[in-house]
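Next come two complexes, and both contain subunit A; in the first it sits with subunit B, in the second with subunit C.
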Partner chain A sequence: MRPASESPVVRFTQVSKRFLLRRNAAGSVKELCLAALHPSRRETHRELWALRDVTFDIHAGEAVAFVGRNGSGKSTLLKLVAGITAPTQGQVLVTRDARIGTLIELGIGFHGELSARDNVYLNAAIHGLSRREIDEVYPAILDYSGLADFADQPVRNFSSGMHMRLGFSVAMQLRPDILLLDEVFAVGDAAFQAQCLDTMRAYRHRGGTLLFVSHEPESVRQICDRVIVLDAGAVVYDGGVDEGLEAYARLSASRGIDVAGVDEHPAPASPPRA
Partner chain B sequence: MWHNLVALPRYRGLIQTLVVRDLKARYRGSVLGFFWSFINPLLLLLIYNFVFSTVMPGVRPADLEPYALFMFCGILPWTWFSSSLLESSSTLLSGGNLIKKVLFPAEVLPIVTVLANMAHFFLGLPILVGFLVYYQRPLDPVELLWFPVIVLVQFVLTIGLALLLSALTVHFRDLKDLLGNLLTLWFFATPIIYPISQAPDYMRWAMNLNPMTHLAISYQEVLFYVGPHGHWRWLMSLALLAVMTFLLGYFVFDRLRDSFAEEV
Partner chain C sequence: MGYTLPVGFVAALLPMTPAVTPAPWRACFLDALVAAAALALAWWLHLPHGAPAQWLLATPSLLQLFPLVFALSVLAVSRVGGHGAWARPVLAGGVLSLTLCAVLTGPASGTPVPWVVLCGASWLTMLLALAWRGSQLWHSAVHSARQGTLVAPRHHTPVLATLRRQQTLLMLLVARDLTLKYRGSTLGMLWSLANPLIMTVTYGLVFTYVYPSRIEGFVYLLLLGILAWSFVAVTTRMATSAIVDSGSLVKNVYFPRLVLPTATVLFNLSQYVVALVVLVPILSVATGHLPSWLMLLLPLPLMLLVMFAWGLSLVLAATTARLRDVQHLLDVALQVLFWATPVVYTLDIFPPGPWSTLALYSPLAPFITALRSLAFAAEWPSAQVMTLMVLYAGCAVAVGLGVFVRLEEQFAESL
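Moving on, here comes the complex of A and B:
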């Protein structure tokens, strides 16, 4: 393991994230009018604390796996790092000049009617690459995906595995400093999964920082050197890989799925603000 | 707000890519493809022409010839305007993946909608030019200089309204249906299929409050009527209003921005 640099690249300080789930039908004028007339119909919200008091530091070059059952707050955490949503309480600090690769989903913006080539340009543009940058990396993307023969085919003819291959190939050419990965290997065949793991190792070798959400102990073992276990939005373990995976296994065995603490009480009818 | 507004030109590459996606994807797989951009306004024109020339020929003023050309001057920009608003009201919802899964400048989406529809508008222009040539209309080159100005005013106004609508629809989904009906009413309240001179005097003040009135009249003055563009004072006031609408739309959009990723 390389020595971690002095200041962390990602720092969470007592971060909490609350979602307000509307109980009555989603925002409509009718509901507003009815709510104004009948106090009993006033919109109530279910409060969902997706994260509670989460604190950790991640240093450059670390590869951290976030594990936990469904609904434990893993994806929310990645979205906070990416800046897609803002924390309700606490502070999220991400080093300023880092290029963040957000792979919560592969192939964002793909349009079935467009060719693989068009979709690569589209997807890369959405991830913030300029046209010239894409021109530069396009051959590498096509090469990596192994789909060169299908470059002019519309992607609606692609299998879901090919779809994902293409998305992942774009993602790997974004050259991020911090990579946020959300269980994206799940679909590919064995050969492509092996290729992904190799790429991840090479990425780490270059000194890239990785935040990885996974349910799959094997890939965590192969790529990561630290595990953070989340349960009901709180950190229950932070440390070595083997102990972490054990802690997660115990957690899964002890209880079935239950979603993070839900409190119910009326909330103001105004739209929730982040 | 200003900070984000200043950053907007940085996304022009992204905007361009998304507009091209929209245009390419829209007619991909259909037999006539891009020709639909010509055919759609042409069919609409044929319908109105049939109604006013064959079904009720007495309704229109006799001296307004060729009536089809007159209507076309208004229908073409109106289609741009109304499709832009209608589509932008759902653009954030349909583009939810972009907003939820990557850090993405959401204002790009309504802007792309307006630009893609503007491209269709431009594609419809050759038909208009064809009509002008066919009827041998005298066109004043100096007057034609107003044309890009009118387009620009409409562009800014439409973007402003599109930003406003797209942001509000995230919280009030009903707006989309409401808008469909409102646009039908708005179409008939705008002097497009009838000249403003036919509107009763007591309605004039209300029609003058409608920004689309002045755009339609401006297009008609430049492309249809002979003589100088007499409506430019109204157009300039409208330009001011358009800029204010844009700023208001952007302001509202920016205020609601943080809620999009969770509400979409």
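Moving on, here comes the complex of A and C:
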């Protein structure tokens, strides 16, 4: 794997993100008007800090795994990098014009009535490619997904596995500079997972930066060279992979949650979960 | 005629101000301000919208005076402007001299200056400068990026640059909507003619047999109104769901959200243009209102109408993401607006008075009136109509972009 270079590509400076859990939220003009008349209908909200004071730099070529229990703010963090949401406090910076591949959910934006071809074009355009660039990568996408025979079929006829293949192929063939992956290996059969892991390694070899959210220590060990452990929105560990996974295991154990697969001597080639 | 002299001088001097300001975009903004001010002035002075060509012929001394004044004007403008490009001084000089000639010879010939001549200077400079700057930005948008610096992931780029970069996505979204709409139908795009045709035939029958209209060729007038009306009505209604319907995309991928409502407008524009191109010649021939060269100016009110619809769509798309019943309110508003808009009538059915003023100020009235005077009556729209069009379109875009940019950040969380 290539050594990480010195210039940061993602920088978080004291980033906090607050969500308002609204009660009586006015979701329509009607409710807004009623709320103006009735004090009891006014909106009240509870604050939820999904991220608290998070600071880190990620350098080009690094592969960072974000681990933490459900609700610890991992997905929020990815969405901040992607620009889907904005931080409440602090500053999120990303290299200007870095192409960010987001794979937060697979098969997002596929329209059932359109053919696989049309869907690939649309999806690639959403990720910012021009028509000429898409024309160039389209054969590779089709090839990688192994769905060449179904290119003109409407996607609604696809199985969920085919959906996933197509989505992953698009995201991987767009040649992103920064790739955001959220738990995408958790689904799919063994062969697909093996293919994903190979692709990840090739991507890293090209010098791509990876931000990876996972609960699975095995894939983290195989792909990443740095682990950031989040707990209740705060960074509790930032460093090497093995220590990071141990820290996460301790954290989970102290809260009485069993984390499958994290033990002192993990089997080096345990089969991926089917 | 006493007003022509000062007005002419003001109108002639104002287009030169941008030449002195350095920042290119400020210059364009000034140009636009000046053009709007000139229009408002022409309206206020009740200048007629008579044919400029006839007016030019009616004042023969103008033609003799023109070369001299033109040369002097170009010289003056290039001295004041002091920049290298030759096009701007020549252009500004040309229109300046035209205005000066108009002012000098107007009172002598006894025919009042048409507003088109008075405002021509500022309008031409504005449009050309905008087009020039716009095309430059359009071409430079792709290459302007500086590599390696850190920025916020969704830093604001100028709107035009955003749309330029998202060209492919815009086109693919429009293509998707067209494919989905006409999937499996053999007639394809021709279906987009069905709706306006049926409306025109229905209303045409009503106003031929039930309430016969005094106007000859009323069906043509009706069609122009109905096409414009349904463009705006359908666009705004579709725009309310532009963001909401793409909820899963908005929540999981970042791309400039502006693309979604813009694609809705473009999709409807494509249908509108097809309907115009097919139906207008047919009705123009059928009713005997053959097109004059003024038809070439149709893109101007059309462009303003598209800007107006775009601005509205931005507001509606953004607010519906938060307040879901905006759609129902819009339906009610459109019902009222249909009758408040001169679609099945023309503005001159009102006797002069508060009602006619009110009817003219209705949001879509100036657009439809302008389209009708260019295509049907073959005459220049009045300065009043032009002013209102520019005002409405400009305000809609400004408010629309303002609201959209402000609410954009919350889309992913409020959906």
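Heads up, the rule we're going with is that the second predicted complex is superposed on the first by the 247 of 274 C-alpha atoms of A that agree within 3 Å, B and C clash if a C-alpha of one lies under 4 Å from a C-alpha of the other, contacts with A are read in each partner's own complex, and residues count from 1 in each chain.
Just so we're on the same page, contacts are C-beta pairs under 8 Å (C-beta built on N, C-alpha and C of every residue); 3 or more make two chains touch, one makes a residue touch a chain.
Bear in mind that the values here come from a model prediction, so they are computed numbers and not experimental data.
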item: When subunit B and subunit C are modelled together on subunit A, clash or fit; value: clash
item: First (subunit B), second (subunit C), both or neither touched by A:Ser7; value: second
item: Partner chain in contact with A:Glu105 - subunit B first, subunit C second, else both or neither; value: both
item: Partner chain(s) touched by A:Glu113 [first = subunit B, second = subunit C, both, neither]; value: both
item: Touched partner set for A:Val81, first subunit B, second subunit C, both or neither; value: second
item: Touched partner set for A:Ile126, first subunit B, second subunit C, both or neither; value: both
item: First (subunit B), second (subunit C), both or neither touched by A:Phe56; value: neither
item: Superposition-derived comparison: subunit B or subunit C, residues of subunit A touched; value: C
item: Subunit B versus subunit C as contact partner of A:Tyr138, first or second or both or neither; value: neither
item: Which of subunit B and subunit C A:Val94 touches, first, second, both or neither; value: second
item: Residues of subunit A contacting subunit B in one complex and subunit C in the other; value: 19, 26-30, 32, 79, 82-86, 100, 102, 104-105, 108-109, 111, 113-114, 118, 121-122, 125-128, 130-131
item: Residue ranges of subunit A touching subunit C (in the complex, touch as defined); value: 7-8, 11, 19, 26-30, 32, 79-86, 91-97, 100, 102, 104-105, 108-109, 111, 113-114, 118, 121-122, 125-131, 134
item: Residues of subunit A touching subunit B in the complex; value: 19, 26-30, 32, 79, 82-86, 100, 102, 104-105, 108-109, 111, 113-114, 118, 121-122, 125-128, 130-131, 154, 271-274
item: Interface residues, subunit B side, partner subunit A - complex; value: 13-14, 16-18, 21, 24-25, 28-29, 97-104, 170-175, 178, 256, 258-259, 261-263
item: Subunit C residues within the subunit A interface of the complex; value: 145-155, 165-169, 171-173, 175-176, 179-180, 183, 246, 248-255, 322-326, 329, 409, 412-413
